[in-house]
């Protein structure tokens, strides 16, 4: 028929979507080099031609005038996200292995109900949890601390780890761990010596998802920390006041999404190798 | 492996995670239920006992139920759009296309970015006079449009930002599904003489049914928590035009400080969501997969 | 239906060694062929060349005299059954079978009798209204086959190890139904397998392949009785053929000091060649007459039920003899008779035709 | 010195997997458990291994009960149907794994692994990963890992079923020497193939629908199967079973097939029975009471199996050698009356009379 026409249509669709995806980043990039003059005169795009570029927005992130110091929130964000992710992966992997291999029964509660309980935590809107969490952390003296946030984030990320790892372990033949036990391994040894070394792809996928969801949380960081601890999203949104410094905002936005964009490359590699398909189903 | 010898091990695997989660979640849950039975507010702080008064009040709270309807419409609408666009993009970069891996990375990027931060950027883009959105449409003689200040436009804006942010998630799950599909059914369809359209409806789509259901349910769960973008873009406004259930609870709880009432709203919200999502999941499984499996 | 001619076809992946060596092969119209060999022997490559999934690096593919070398799979008019059963999950059995015809624009009235006929042939008539998703693996495989059979324009029906994922207990029944269906429709069938029994059960002609070459082609009986080389002799039959180092005795050839084959055969034998006498375990017998036959000693007997496999040493070589259960096995020394008409002579592994 | 199981029972979701299984498996002997798919063979092995809980019953080894020991303390080695190895370890490390677990000296581990790898013909494959070798070789690795331990109990769950038939034949032949190193072990081998069971086993256990139908020496089970089910299971192709009766005129089989009653059967009460005859004992004949058309012929190893459908009954014949017999060919089938097995004509189909035993080892 008209393969050329279809091919053109296909590329057109891909390019239009690409433009939509890229638009906010391009806008943020150009805005980050503007000053108040470049913004208030209406939308401009091309530096030098339409406005005079300045590094003011970027400088303001590192203690420059009219901005924020982004370094400390950055470090705090990394500590909280990575810490909560690793704890969630450890607990989640263990629980998922148990749920995949053993039959649990307590009254009418069975394995599928326990899995559902884990996953159902994702249904809770942050707002439902915010006030009790606030009181709980206050009681524990962990309000406005990284430890407090890590505890809260575990509740958010553990369901993700369990969800991905249960599916993953269900796909690993049981015969392998049975064999290890017949070879003299206790269930722990079977898990650590045989199952775990063969589960790295699944763990990587789970870890990435935890990192993404942890890094991107705003609401809990917003309600449970104030001054001593400040995570990146909170610090940036704080700029979003009535007189918004668009330039600082744009620069900080770009800098904060950068590490996760690197993860996109990593996800794509797992995806193209088919690893993801095994882990998400 | 359900012999007594395994009991110690089987509990050791499950309990750290389960108890950990229970410890973190159980207090908030019970606390919320308890608070919902109290009249805790800015005026009278404290855990008194008010019976079902809050629940009685919320039954006739039109604003709450409207925000619920709005949430349902928004969640279902955005997820549907995300599904269609995500599936389309996944199909496009699945096989024969140049720079396939580049596009795959690019299409994943939005989900990696922090929703609240990107919403801030979107707010500048949609700025009526200073943002590029109206400037761009102006090239075609359209607009300017009140993106964030008119009810319907604000709704569309929030949904567009949600679609931008979360279509990649759908795209990721569906593309992972597509990549894992066996080759034979497609060869068989080609040999049977099926064209691209027939192949899609008879091979690709049915094979993708389980992945589709999973992806839609996950996205519905996440979409029902829609919050960050509303908070940044419109703060529920103008008026209550973009107020979702979650946002309404936030206003009653953390802004008006009617803690007891907000807790009752939360409990109601949770129950409704769990019931709704379970029903939707069952329905999806039935329509996509059919009975028996 | 058409005659398939692989004209000097050969293939090497990426220009290295040939996965399939250049050769001329013809598949006649309406016959069933089996490509038999271990994995990596080139049988799948050959199948993919016929179906068009692989473009051969050398030669031409002629179907009914037309050059199809560059024609893509879709337009080759072939049907294929894969290792893993393929059905359209969302459709009924009827619609599955009807699918190829619908793709060709047939309407329901026109295709119904054809679909019902094929369903009948496969023994699936009662299943027509059922959803294909709930079929067992062997039934799904029948549906896959049926989609090929339902088309009247099929040049060849290719089957790529179709019994791989079928439960061992169901294999025999499925094998039977496929064979009966093929016998009725008389398509040209090319069947790829690594299982000798399947190949010999199915095919009018078996092509035994090894290291990219067809080492022998022929009917089941021919392969069994006259294996072209020692590899085929060992590969076909259970247990495989016995091959004993032979010696020249006067103008004749024999072993253990006994001349077994006439001089006529011996004349054609190259002098320096490694000579072996081949005989099938079931063609050897214990001689009751104490004087006749070659002396042998029984090492052990394997009881298979209806048959016994006797392991013997004859002139310091090991030989297996397969006899029916009722045969009395002497313990210790015995004498074996070698029927001359069953003996085959191999020089450097290749059969010498007498 | 043996493994004894008593009254093992297991019911899951209302399905009885084991219904009171009792048997003795002597050390130094190979017991073949034969039965159809889902007869309970695999369940039995998993119970012995400690991978499956039971509702009731006893397990003991040399008089010591071990039913309460966890799997990892039982000293049981197992080889699965699927080729299961540790994917992340080399062939050598796979085989060494159980020995390292026992904390044997390094040199001892090296020596034993090398020895067993060369026994299974994989001496040069030690450095490869399981995914880089063929299916047959993977199963050899699994075998090596089971053999190297010299475990008390060695379980093999249809280890050859996924290999193609030439490899199966080859490994089956090697079993004799492979298991010679396991002279103190209880070896239990599951199979659905009677020839395999007959060839390698010292003792055969026939399982049917979760119960033990017969235990005995291979030749005894083959010559005198206690029931129709056993007769079908222990013969490949399954024994032909024809309904019929003994009356004043002799035997009446199938749909009006008349045979004179041999002396052994003439004395039996005149009533309905089920008659069995082995496929290999039927022969084509020109003048025969049963005439029919070949519906299907299949080649199996060196034998040809013919399915013949006649007006008076349908039978399966097994002929020595490879023949081409196109469907539709009409042949006569001679039925040797003195080779008939007679079974009760009821659900159980108990054996009433078997023909005289012939030959065997």
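For the reader, a short list of remarks on this structure follows.
To keep things simple, chains are lettered A, B, C and D as they appear, and every chain counts its residues starting from 1.
Note that contacts are C-beta pairs under 8 Å (C-beta built on N, C-alpha and C of every residue); 3 or more make two chains touch, one makes a residue touch a chain.
These figures come from a predicted structure and were not determined experimentally.
Common neighbours of chain B and chain C, listed by label, are D. When the interfaces C-D and B-D are ranked by C-beta pairs in contact, the top one is C-D. Inter-chain spacing, taken between the CA centroids of chain C and chain D, is 26 Å.
The centroid of the Cα atoms in chain A and the matching centroid in chain C are 57 Å apart. Centres computed as Cα averages put chain A at a distance of 15 Å from chain B. Along chain B, residues 1-2, 6 each make contact with two or more other chains. Residues of chain D found to touch two or more other chains are 50-51, 70-71.
Listed by label, the pairs of touching chains are A-B, A-D, B-C, B-D, C-D.
By the touch rule above, chain C contacts chain D in their complex via residues 39, 167-169, 172, 175-176, 179-180, 183, 194-197, 200-201, 219-221, 223-225, 235-240, 280-282, 301-309, 322, 324-329. Across the complex, chain C is touched by residues 182, 184-185, 187-188, 190-195, 198, 202-203, 205-207, 290, 292-293 of chain B. Those residues of chain D that touch chain C in the shared complex are 36-37, 134, 161, 164-166, 169, 192, 194-195, 198-199, 218-219, 222, 234-236, 278-281, 295-302, 307, 318, 320-324, 327, 358-361. Chain B meets chain A in the complex at residues 1-2, 6, 9-10, 12-14, 16-18, 20-21, 24-25, 27-29, 31-32, 35, 85, 88-89, 92-93, 97, 101, 103-118, 120-125, 129-132, 135, 164, 168, 172-173, 175-177, 179-180, 210-211, 214, 221-222, 224-225, 227-228, 232, 245-247, 249-250, 253-254, 259, 262-263, 266, 269-270, 273-274, 277.
On chain A, the positions that touch chain B within their shared complex are 10-11, 13-14, 17-18, 20-25, 27-28, 31, 39-40, 42-43, 45, 91-92, 94-95, 97-99, 101-104, 114, 118, 120-133, 135-136, 151-152, 154-155, 158-159, 162, 178, 186-188, 191, 212, 215-216, 218-219, 223, 232-233, 236-237, 239-240, 244, 246, 249-250, 252-253, 256-257, 260-261, 263-265, 267-268, 271-272, 274, 276-278, 280-281.
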